[in-house]
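Chain nomenclature is as follows: A, B and C, assigned in order of appearance, with residue numbering initiated at 1 for each chain independently.
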Amino acid sequence: MARSSAPLLSVENLETQFADSGGSVRAVDGVTFTVDSGEVVGLVGESGSGKSVTARSIIGLEDPGEIVGGSIRFDGTDLTGVEDRIRRQYRGDRIGMVFQDPTATLNPVFDVGEQIAEALRTHDVDKPRLGDYMHLPFATDRSAWADHRKRAIELMEQVDIADASDRVGDYPHEFSGGMAQRAMLAIALASDPDLLIADEPTTALDTTTQATILDQLDTLVTGHDTAVLLVTHNLGIVAERCDRVVVLYGGQVMERGPTEQVLTDPEHPYTRGLLECLIDDSERQSKLATIDGTVPERFAETGCPFASRCEYATDDCHDTDPPVVDRGPDHEIVCGELEAIPERDDGSMERHGETNDQTVMADGRSDSTTADTTAPRASPDEQGTEPIIAATNLSKRFETTDSWYERLRGNQQYLDAVEDVSLAVNRGETLGIVGESASGKSTLVDLLLGLETPTTGQIELAGEPVGVVDDRSTDQLAQVGVVFQHTRGSINPRATVEDAIAEPLREQGWDADRRTERVEKLLELVNLAPHHADRRRHELSGGQLQRVAIARALALEPQLVVLDEPVSALDVSIRAKILNLLQELQDRLGLTYIVVSHNLSVIGHIADRALVMYAGQIMERGPTETLFERPSHPYTASLLEAISSVTSDGPAEPLPGSVPSAVDPPSGCRFHTRCPAAEPKCEREEPPIEQVDETQSRCHFACEIAADSVQSAESVTDADRHADEHQSAPPTIGSNHSKNP
Amino acid sequence: MISAEYIAYRIGTSSLVLVCVSVLTFGMMYLTPGDPARAILYHQTGQQPSAEAVTAFREEHGFNEPFPVQYWNWITDIFRGDFGTSFRTNRPVATMIVDAIPATLELAIAAMVVALVVAIPTGVASAVYRGTWIDQASQLFALAGVSMPNFWLGYLLIIVFALHLGLFPVSGTGGLSYLVLPAIALGTGMAAIVTRLVRTSMLDVLDAEYVDTARSKGLTERIVIYKHALRNALIPVITVVGLQFGFVLSGAVVIEIVFQRPGLGMMLVDAIFARDFPVVQGVVLVISVLFIVTNLLVDLSYRVLDPRVELGGENA
Amino acid sequence: MVGNSAVAELRSNRLTLVGAIIVGILGFVAIVGPTVVPYDPTAQDLSNRLQPPSLAHPLGTDQLGRDVTTRLVYGTRVSLGIAIAVTTIRVVIGTIVGLVAGYAGGWVDELFMRLVDIQLAFPGLVLALVVAGILGPSLRNVMIALAIVGWTTYARVVRGSVLSRKKRRYVDAARLFGTPRRRLFKRHLLPGVINPVIVIATLNLGTVVLATAGLSFIGLGAQPPTPEWGTMLAGGREYVRSAWWIVNAPGVAIMLTVLGFNLLGDGLRDILDPKQQARVEEV
């Protein structure tokens, strides 16, 4: 990439602080980086890294924080030094911004067209009349209004919103998440800015929509020479979309450089740790690498913020600010102990694009940040085949009209959240349930737990039919443990950790002494310290809460544990730890798991068998390996292609459209509206469930799809073989060619 | 965003409520300890009525009929515009109400206007300049306003502005000058409540992400606040304004006494003391209808203002 | 934000303290006051009527020569007594209805909530006025009337709280541990109900003081010569020009009382029920 003399954006030593009762929190603590015209720069970090605050500081939305130091030069002007009026002129006109949650970023009381038109109007009209601004019909310049409306429709068409002229008058709540994010893109790009800041633009969206939005973003900025600052926690997205990357931790830059170099040959211990935590291509059910400790709430005033978690940290790291080490063009690492850090096991980190190897996230060090594979568990068939839980023809229909008046008029509407689902989980195995939002996976969990009454169907627990929770015996209840999705909400805010964990024990009539004893044991089991027992839920981090929830689920020694999105709210480094913990517990206690997740990598990593749900139905099921390598349903294939990964070829493949409304599902095959392989037949006939090898698929063309995916997976399996070879080869430390000069 | 069907539905439910309200209103008479007829006559004459007089009175006013029949006669008469005749003045209640209603409505509406004109800017300023002296002053005003009995405030206003400064008349009805002090006395309490509500609601909204989106477009802070934030912040306020109309109607009773304005309130209080049941029933019914209709209108406007509200019937 | 909220908390705590002190003093005056004041609240002394404030009569005397200070002190007892009684009745009725409606759901809920709707179709004070008036003017009847019109707020808040808590995941979790209904109710649903009720009740004490004074002012509540603030105000209204203290002394007393309860209630809300928005009371 040709570098002009001055970068478009140059952030230097930026410091943004927030006032707090205990002093000021240094959210951004001396961040420096540049963005050139037409370039895509990734700003990555976990929560608390200061990446969002950095992005917001650039556009002047740091409030209630305050920029206390450094400069933000945009096209030659220092934005921190100018008055608000000037700063505002850059917003929207030359710098556009896209935020995380599209359902919250659009104003609910104005139609989408108005919100796009407003972005045009702001910089078009010199002295807009009050009426134009206040959106009062009687005081508006009609012709200008119509003109802006027309251009809003054009913009909506540009971002691929179908029937733009019909939808221009829709309100944000009538848009799906993906659509709303497109509208947001239209707003941000309305005045053709030089820089687009995208703050986690796809995090709140379904996997299949994520790639669409990112593609859209790519298309829109290329050709306009628009630079993009992409803020994300997802290294896969960075790998696929960014030219350069800036890694943040504790409000400071840890490493920055060209994406390829940083991701294939990370030098900073934090960057390395982050990459190693990824599930992407690690051996299924292997132990994942982790980073010790958790992100502290406050960082020390001096020294490297990562020092407290860094295995190579010396006293110097804690006391003095680390030096910036130059590693060739544009690649800088902020670390004082680089010499002490061993070379990475070379082959494992090569990117796929350069060598023909598929990479594996594992290297052979035996300390805490390394992965060591545990012996694979016995396969399900070796463990006896009596299912611990089985459901037959389970369906759940909700009434969506709750007004007696509508009911009287016969305007009854139904929502089939779960339709005709049968499943059986054998002892000791892990069943994964995958689906996007509105797929029915959460309702299915509630049905299995007995929290919802099934409309039809039957559930058997250990061979005995069971009803809803209130009808289950204490023994039956004790057989099933559960970790709910939003852990914070599943623990009573008034309860201490001890109370929370002891709650099931108390209900089963354990006396106080036995309870205390058991709680101690459980805390130890989930690697929590005894002093955590007295904390309440607001005093715990996300990872700690998850451990508490797991401990509570295990209190009564259940055989089956249902885990609903157990790691979706967690940072990468914490996620790896929880997944490791779950596997370890399964091995030690012989547990059976049902894991629900929208994240295919998680299911792929942890599950023996998986169900793929779409619009309330099972689309495909089978052993995870087969399912992921040779999907026989186009939906599964699409889901797999939509994953952004550090190691995959090329960008994620988008899937158009969104999950259809369950109130009015499509005819025939539910997926036909989005299916790349759909034929007229799919619209007419609902496909039967077909057996293809080890998997079952609800597709008319299951066999063909499976055959296709075998072909296309050829290379992948090849790569896997390579990976396996790496895996089995004895790990070498600091071997092969050194990149250090 | 509002269908004729929904309006019909809301009118339907409101009518149902109204029927219940009218039954209760009519039945209130029987709360009187002892025999209502005897009580009425006692109040009229000031002495224990004779048994014959009571019987005759009962006969004349249909008190001997069963309650449903009495109610039916009363309500069907009302539909014909006949609210009965006052026991005390012997004038038709309908005429009395028609005479008294303008003074009360005028007062109530003026008070609401005063309240909203004061409360919305104050609440917005309080939220926008949170923690500054502006916020503290407006919160102090709100606290004092909520705590101050409106009848006392009425006297304070009379003492200062009518007696000492001579700017406004002390009491009575007439032109606009007669309305100023009562409207302020009545509107202050509501202004205080609405100020607090606007502030809370505005603080919530200012935290919303769409406010940052608006800023990211380069809009001026004024437009961000008055177009994007206020419009959303007013949604919860609207409902409360409807409920507050009841507060204002109740308050009007007291304020009319303070300022000696002959309106529904004074009429109601006089009638209560005189056991003049036709008047009491008529006035209570009219006030309830006013209140129900206001809330119906508020509910409908709420749905226009907030496009998210689904038009499917009652919202839990 | 962080800084502002800390400042706000400090300030609200200080205001809460002021509220608590006001309420404390009022309570003290109500209990001890009548035994300390030297005058009889109802003894007329026509030779001493309309005396301006002096050492002997710090707040002057009224149109019948009674010591205004003494009557204010006795009035505190009346006002607080009624406020506490009415609020207690409201809390009990409203909470029971709300709990039953929220927990039982179905037609029971429907029935209770329609009852609340009908109740709310009357402007509160007008209803209280009519009920009290027809029952006959007396403090007891004012209490009954105010209790009848005020319970609905509690019913709605309690019901809402129960309903929202029923949907919480920790309640689901408890059900999965086999927690019996009664304990579920006691441990997870009830505690969530208590805090908002305490907050509303505190604020309500103030509004009841206002409403009682208002009804007495009209002449429907306490009857002369009972030393009640609203009645005192009504008695002094002929003399606003010559003897301003007769009207303003009870006016200030009412305002301080209501202010005290409001400050305390707001503070309690910040502490006990931070998410609850400013609730608006009608009566």
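As a working rule, a contact is a pair of C-beta atoms (placed from the backbone, for glycine too) under 8 Å apart; a residue touches a chain by one contact, two chains touch by 3 or more.
Note that this is a predicted model, so its numbers are computed, not measured.
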Closest chain to global C-alpha mean, per-chain Cα centroids: A
Maximum inter-chain contact count - chain pair: B-C
Gap in Å, rounded to a whole number, between the CA centres of chain B and chain A: 52
Separation of chain B from chain C, taking each centre as the mean of its C-alpha atoms, in whole Å: 21
Junction residues of chain C - those touching two or more other chains: 4
For chain B, residues contacting two or more additional chains: 316
Numbers and ranges of chain A residues touching at least 2 other chains: 404
Chain A partner contacts - residues on chain B that touch it in the complex: 9, 208-210, 212-221, 223, 226-228, 231-232, 235, 305-308, 312-314, 316
Partner chain C, residues of chain B touching it in the complex: 17-18, 20-21, 24, 28-29, 31-33, 130-131, 136, 143-144, 146-152, 155-156, 158-159, 163, 193, 196-197, 200-201, 236, 240, 243-247, 249-251, 253-254, 257-258, 268-269, 272-273, 280, 284, 287-288, 291-292, 316
Contact footprint of chain B on chain A as seen in their complex: 56, 59-61, 84, 88-93, 96-97, 99, 101, 104-111, 115, 118-119, 122-123, 133-135, 171, 173, 184, 187-188, 190, 401-406
Partner chain B, residues of chain C touching it in the complex: 4, 7-8, 11, 117-118, 120-127, 129-131, 133-137, 163, 206, 210, 213-214, 217-220, 230, 233, 237, 240-241, 244, 247-248, 250-251, 254-256, 258-259, 262-263, 277-278, 280, 282-283
Residues on chain C engaged by chain A in the complex (per definition of touch): 1-4, 6, 110, 168-170, 172-180, 183, 187-188, 191
